[in-house]
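Consider the two complexes below, in which chain A is the common component and chain B and chain C are the respective partners.
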Partner chain A sequence: MSKIICRCEEITEDEIIEAIASGASTVNEIKKFSRANMGLCQGRTCRKAIERILSKETGQKLENIKPSSYRKPVRPIKLGLMK
Partner chain B sequence: MNEYEVVIVGAGPAGLSAAIECAKAGAKVLVIDENNQPGGQLFKQIHKFFGSKEHKAGIRGIHIGEQLLKETEELSIEVWLDSEVCGMDQDKSIWITKQKEKSHCIQAKKIIIASGATENSIPFEGWTLPGVMGAGAAQTMMNCHRVLPGKRIMMIGSGNVGVIVSYQLLQAGAEVVGILEAAPVLGGYGVHTAKVRRAGVPFYTGYTVKQALGKEHVEAAEIVKLDSNWNTVQGSERIVEVDTICLAVGLTPLIELAWLSGCQFTYLDKMGGHVPIHNKYMETTVKGIYVAGDVSGIEEASTAMEEGRLAGISAAWSLGYYDNEKADMLINEEWRRLNLLRCGQFGLKRKMSKDEILIKWEEMQDANFKNNRSPFDGGTQAVNGISQSK
Partner chain C sequence: MKTYDAVVVGGGIIGLSCAYYLLKRGKKVSLVEKNEIGAGASGACDDMILLQSKAPGISLELAIESLEIYKNLSNDLGMDIGFHTRGGMILIDKKEHLGLMESYVDSQRKYGLDIEIIDKKQVKKKHPYVKEGIIASTFGTRDSQVDPMRVMKAFLKSNLDMGMDLYRNKNISEINKLSSWWQIRFDDGSSIETETIINAAGSWSSDIGKLVHVDIPVTPLKGQILVTEQLPSLGKENIWSSDYIVSKLKPELIEADSIDKRLGIGLAFSQTADGNYLIGSTREKGNFNKNTTYEAIETLTKQITYFFPILKKINMIRSFAGFRPLSQDGKPIICEVKENEGFFIATGHGGDGIALAPITGKLLSQLVCHEKTSMAIDELNISRFG
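And then the complex of A and B:
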């Protein structure tokens, strides 16, 4: 089995490569395609790994890869606190 | 809505130093931290610091932390603990949750983001097994919570974090079976590296971890040699019995809040990735939002404290607590101290990267001027440090 990259959503390296092969060209697109980076830690662990895979697969330089967007709340909180 | 003149996110070395400077100048300050005690990483740093006497060299991190807390108390600085900043906006409104139970909204005139960094990880087969952890996490377990993370440890990364944590693991009674370094040369300070080597820990340069083996928990690490192009050398694999694999493979600035508030960024590999562009007052491209410490580029606790002071002085100055002459004097003194820390084999490299950020700032000012756009949001302070609009 391909190794897990996003631990929160249990998304493997192969699934991320598949997302890129299907046309995802930014980390945000990979996120929307595969859910990688969308879990509890919001990419705090796998963000860089995904950026590296994208760089390797597409030839884009790491410095030109835009991080996936950050949104409020930046910490996991109860829904009741969002008012 | 509560109003504060300066809100500081993070009560680590940078945040507390910034708070102390702001409070000393007379500003109403609030410090927010997600942990249940202030001090950030200082309280797990049981080793002595480097640098010169004026930078507290020879003093252990924990004692520097105690000193900062004492000053914070003496100045009656308000500190919210167990409080997470969930969001902030360009208008400097801040959304905080306390004890994960209650939402608060506060308004700041100035914000200093001193949110620090997160540990990097490298994914490999089996890295999700219990027993694979960040070296910083292992250090927190052992030095703050008195729990030994494992008995036989493989350290990945020979930088300062790798060698310092290895030594502390030895002191705590664990066995460090090896320190792996993917690069052909070791990355840490000679003093720390030599200490670990003298204790008999082997270093493997040009090696990385291929996979973690084990059923319920790490039982072994398979390591492999890398060639000069970072490709694995077939047939060089070997299996080492360990119960813990610690990753000391760098840090990434925790930029999410700066991102949310609209700061502009530049990518610098040596600073840990994307860092908020800032000027020599530590002010970002959003006027009134400052950064200090690792969030502005990965360095050390000693530089974080100086940057914190610098940001604190600048914020107090822009609030009118210092006249230009006094501010100039204090800021120049901070820069003298910072430059003292950013020299030598390792420091100079950091200085060059930090300088790149300042150059980026000036380029942006120039570009905005040439394009005849409305003045760049964060650009009202003259870069030479003389005048400032209030």
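And then the complex of A and C:
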């Protein structure tokens, strides 16, 4: 069983590698293709791990890998609180 | 120097689909993207293949044809693209909308769509959590959805397997017509040559048009969407409010100074295959600012909790915005440019890019191969803008 990398969406290392094999070469593309980074925490836990996997699989230098985007709201918020 | 039969400009779902159908015909294809795959509208959208929202005429015909292709696309691409048919309902909560919606449904039924108006009892039965006071709703069985990210992934994988060259992060600085082919120059000084160019650059397609002196009347329409946490299903059918259709058909019925009008909001509410609900959407004219705004988040929240009060208790986890490439008359542009032989356009899909991607790619490949198109698309020619 491959390691879980994104805990929110339960995405494994194999699934991330598969997204890269399908043509993803940036963290945002991995996010779109695998859903890793797309959960409640927006990648706070897993983004570094994903960047490392991407670097290892594609040979891109870590310092050249652009982080994926954050979106509002940074933390989940109840819809009833929006007034 | 690399040479190609076709260079597709734009790595969104339309460009990927065009490339796919050209590769399937044995063409040597490359795709040029100035950012990354799905960086524009295709990666910031909802998931609907909605027939009910399409105006009777070519828009509806295209959607029906595209839906047929989508049904088998997982098999064709060898990857699950998350296609589902859940049906759709357009909730009617204002008396003054009822007459307009009835005649709209009639005109769609004439196209053979399986749509009816159901009363409030039936609405409650299908969607028990909807608020009291809904007058009626449309109900259509064929409205479907697909995971746009998976569609792009599957197209990209198939395309790369068929030998497509992909140029990411490449800005085109010049497009030059040589005797019977084209030269595309990038701002890093490199260049490629091709027999044909397909401009599928979405909201940026008018910029590409300018490089060959073709005026493409497409502007960005900003759509902001909210994402909820993953939830059990509230009801099978995806939901729209009649404001959405009325604002398309008879905007004068929407209160003139309202925020809803300024933001162009008509509620669209669908559950993704993963359980998140998408709450959309604004339709804002103007700029390329990709940030979501507090005003829009607040207004969308107000709308959805008005129709589904139970949602007050659940979490929004994200908001995002994308730019729908809106043509001047709202219909897509799919054609070869007459005075620029070998320069093709596939853009202007507005909010229907996901729904219309497969049929657009298929028709475009027929144009490039100089075949009779499988449906009449003369009215999608850019020449209609004079």
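To be clear about the criterion, the second predicted complex is superposed on the first by the 79 of 83 C-alpha atoms of A that agree within 3 Å, B and C clash if a C-alpha of one lies under 4 Å from a C-alpha of the other, contacts with A are read in each partner's own complex, and residues count from 1 in each chain.
Note that in this section a contact is a pair of C-beta atoms (placed from the backbone, for glycine too) under 8 Å apart; a residue touches a chain by one contact, two chains touch by 3 or more.
Nothing here was measured: the structure is a model prediction, and the numbers come from that model.
Student: Looking at the combined model built on chain A, do chain B and chain C fit side by side or clash?
Tutor: They fit side by side.
Student: Given the overlay on chain A, how many degrees, to the nearest 10, lie between chain B and chain C at the CA centre of chain A?
Tutor: In the superposed model, the angle at chain A is 130 degrees.
Student: A:Ile77 in the overlay: touching chain B, chain C, both, or neither? Say first, second, both or neither.
Tutor: Both partners, chain B and chain C.
Student: Can you give the closest approach of chain B to chain C, taken over C-alpha atoms and in whole Å, for the superposition?
Tutor: Minimum C-alpha separation, chain B to chain C, in the superposed model is 7 Å.
Student: From the superposed pair, tell me which chain A residues show up as contacts to chain B and also as contacts to chain C.
Tutor: 42, 71-73, 77-78, 82-83
Student: Mind listing the chain C positions that touch chain A in their complex?
Tutor: 36-39, 43, 79, 149-150, 152-154, 156-157, 160, 166, 168, 228-229, 274, 291-292, 297-298, 301-302, 304-305, 311-320
Student: Write out the stretch or stretches of chain A touching chain C in their complex.
Tutor: Touch list, chain A to chain C: 9, 19, 21-26, 28-29, 32-33, 35, 39-40, 42, 71-73, 76-80, 82-83.
Student: Which residues of chain B touch chain A in their complex?
Tutor: 34, 84-87, 95, 97, 100-103, 118, 120-128, 252, 255-257, 259-260, 267, 269, 273-274
Student: What residues on chain A touch chain B, complex-wise?
Tutor: 3-5, 7, 13, 42, 44-49, 62-64, 67, 69-75, 77-78, 81-83
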